[in-house]
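The structure appears below as structure tokens.
Chain naming follows the written order as A, B, C, D, E and F, and within any one chain the residues start at number 1.
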Amino acid sequence: MNERYERGLRKLTEIDAEAVGNIVANLQDIAPDFARYLVEFPFGDIYSRPGLDLHSRQIATVAALTALGSASPQLKVHIGGALSVGCTREEIIEVIIQMAVYAGFPAALNGLAAAKEVFARHEARGKSTSSI
Amino acid sequence: MNERYERGLRKLTEIDAEAVGNIVANLQDIAPDFARYLVEFPFGDIYSRPGLDLHSRQIATVAALTALGSASPQLKVHIGGALSVGCTREEIIEVIIQMAVYAGFPAALNGLAAAKEVFARHEARGKSTSSI
Amino acid sequence: MNERYERGLRKLTEIDAEAVGNIVANLQDIAPDFARYLVEFPFGDIYSRPGLDLHSRQIATVAALTALGSASPQLKVHIGGALSVGCTREEIIEVIIQMAVYAGFPAALNGLAAAKEVFARHEARGKSTSSI
Amino acid sequence: MNERYERGLRKLTEIDAEAVGNIVANLQDIAPDFARYLVEFPFGDIYSRPGLDLHSRQIATVAALTALGSASPQLKVHIGGALSVGCTREEIIEVIIQMAVYAGFPAALNGLAAAKEVFARHEARGKSTSSI
Amino acid sequence: MNERYERGLRKLTEIDAEAVGNIVANLQDIAPDFARYLVEFPFGDIYSRPGLDLHSRQIATVAALTALGSASPQLKVHIGGALSVGCTREEIIEVIIQMAVYAGFPAALNGLAAAKEVFARHEARGKSTSSI
Amino acid sequence: MNERYERGLRKLTEIDAEAVGNIVANLQDIAPDFARYLVEFPFGDIYSRPGLDLHSRQIATVAALTALGSASPQLKVHIGGALSVGCTREEIIEVIIQMAVYAGFPAALNGLAAAKEVFARHEARGKSTSSI
């Protein structure tokens, strides 16, 4: 446990503790160090930096993962994370729709399918997520 | 001239009239209809939608184009556009740095090189861009 | 209902009314405007343009989606669409095989798996698709 | 000199002997075997197959390389090749525009810039390429 | 049966005869020639070249397929192939972790999930794979 | 100066001190923290791990960057780095050629062009790089 790791864990609690907890648990038997890096570098180093609020950071991540189109599990985690830090569903949908311009309609369609799944899961849990 | 085109042109004036003007001019002799689509769909339809402010839209676009890594000219236009709609240089740099997490260090390095070039060009023009 | 939308719907009927109908229905509760854009821009604007016949347009789309490798649901829709507009199975297979040259053997292998699934579904429906 | 190589060379003569000749020459001192593979596999094996005419093959290649967006030199060669096998400029432009739907507007814009350059070079050489 | 095909089959026996056998069998009814190309070019031509040992070739392939992120079935085949040619599990994990630097954390996470699946399958078969 | 940074710098000296020094210098005025991350995470954390030797790590990186095709400056740095850690030119060429199988011929061709440039630069400097 070092300072970067602790800072990363605190940041993760703000975003999506459960989802990342699952990822870290899944890595324990195959690459435990990578689980540590995942907490330390993206969350302890990058997301903890001043200069860009968490709302904008989640907008950026949802945009990038939708555009790349090859990281569906991570896109779903970060759509959930966007809800957690206060992005509205409408904002998330808008970001994904906008990706049709930069990465094509299939990327946006697949991103919308991911959002639909995440939104439904949130509702099933009775979570009161941000209203549209 | 239709409603979508006019709405797109107004939106473009808020973002980066000069850069997009150059793009549209370059298309006149080879694909003038595509110049029209470029105004109508991305700007007249998408960027003109409510539900996400222009600041967040530019954050999303800079993120996606940095992550994709294959559209350097368009990334530069939208870094300029991000400055125009009020993103600070610090916010732009943060978005690009964050892409190291999602698309790798080379994508972030090439994004930072693009930002450096755009910032320098803005200074050379004596434009008072957003302060860090 | 505007002119672009109506033209797009007519074009879609030529390509794959059922598949796109499903996509549009799926979008109704999450992003109904995007369903409209999907009809208007790709099909009302682009596919309706003169200068390239639908046969060549489907060849181009199957090639691109096979090469990108990140849009499997859309690739399957457009393999079905290629059959609908008169491409033979042999032509579709040839396009996908050719992508081994430009995007690698895995892209072609995954494209062939998609084609196999679409061809089998067409046969199960008793559709007399183009013979090889 | 084997049968595949000879068949590949004949096919290349139909497409763009000069451009591929340059590529092969460039490879002689660094990877001469790869120059041979380039003639044998893509052109001796794939492009020589029946079942898809050269016109459709060039449509497919221009589509894929525009969509991938990371192979500008090869896209230019194949835009030239498309002209050589009888694709009109209009058809080439249509294929590239269509890629905005599947890979985003930046991919199409960069593809159009490549086409503009190739068309200009053809005109400078006094070649009477296919008219629009 | 030609020389390249026979050489390719021998090379495949060293890497992962079963997995590639399945792929070739799957192609028989849809694209039998592509099954032949798959043996001839990648394995008969490329993997059979001197100058790079099979261990390094599998390191390179696992790296590339992890980074591309769009060819999960082929990545799994080549993780198995890496074990077959004597790469240790530790080496495979290290290569995949390293891809976080070049293609982002999601690419590495999805690569690790693929490795976990392949390693578990190998253990279930009672194969004594390379120890970590 | 922390332990990870120092370890990263030592590792970089083994790979390509000059090239990375230039990158770090270029970042000083725009994103100095990113220069620090670049030393700390890829080189202080990842490349310094046991379990995979530097030779294999450079093979993996050259493979991935050739396959991705969108990071030409970084590919050149790591081709130079591969020479520094003892990869022969022949091994580097083999890795790049192999990428034709996984990412297509254009990716391999552009990788070979990068290698040609790096090899020529090394010769011009009178460096006795690894012999073929």
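Just so it is clear, a contact is a pair of C-beta atoms (placed from the backbone, for glycine too) under 8 Å apart; a residue touches a chain by one contact, two chains touch by 3 or more.
Since the model is a prediction, treat every value here as computed from it, not as a measurement.
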{"item": "Any chain in contact with subunit C as well as subunit F", "value": "A, B, D, E"}
{"item": "Between subunit B and its twin subunit C, rotation from the CA superposition, multiple of 5 degrees", "value": "180"}
{"item": "Separation of subunit A from subunit B, taking each centre as the mean of its C-alpha atoms, in whole Å", "value": "23"}
{"item": "Intercentroid distance (Cα basis), subunit D paired with subunit A, Å", "value": "40"}
{"item": "Chain centre separation (subunit D, subunit F; CA means) in Å", "value": "31"}
{"item": "Two or more partner chains touched - positions in subunit C", "value": "33, 37, 41-42, 49, 65, 67-71, 74, 93, 97, 99-107"}
{"item": "Subunit A contact footprint on subunit F (complex, rising order)", "value": "33, 37, 41, 45, 49"}
{"item": "Complex contact set, residues of subunit E against subunit A", "value": "68-70, 93, 96-97, 100, 104-110, 112-113, 115-116, 119"}
{"item": "Touching residues on subunit B, where the partner in the complex is subunit A", "value": "41-42, 46-47, 49, 51-52, 56-57, 59-68, 71, 74, 88, 90-91, 93-95, 97-103"}
{"item": "Contacting residues of subunit A [partner subunit E, same complex]", "value": "23, 26-27, 29-31, 33-34, 37-38, 41-42, 65, 68-71, 73-74"}
{"item": "Contact footprint of subunit B on subunit E as seen in their complex", "value": "67, 100-107"}
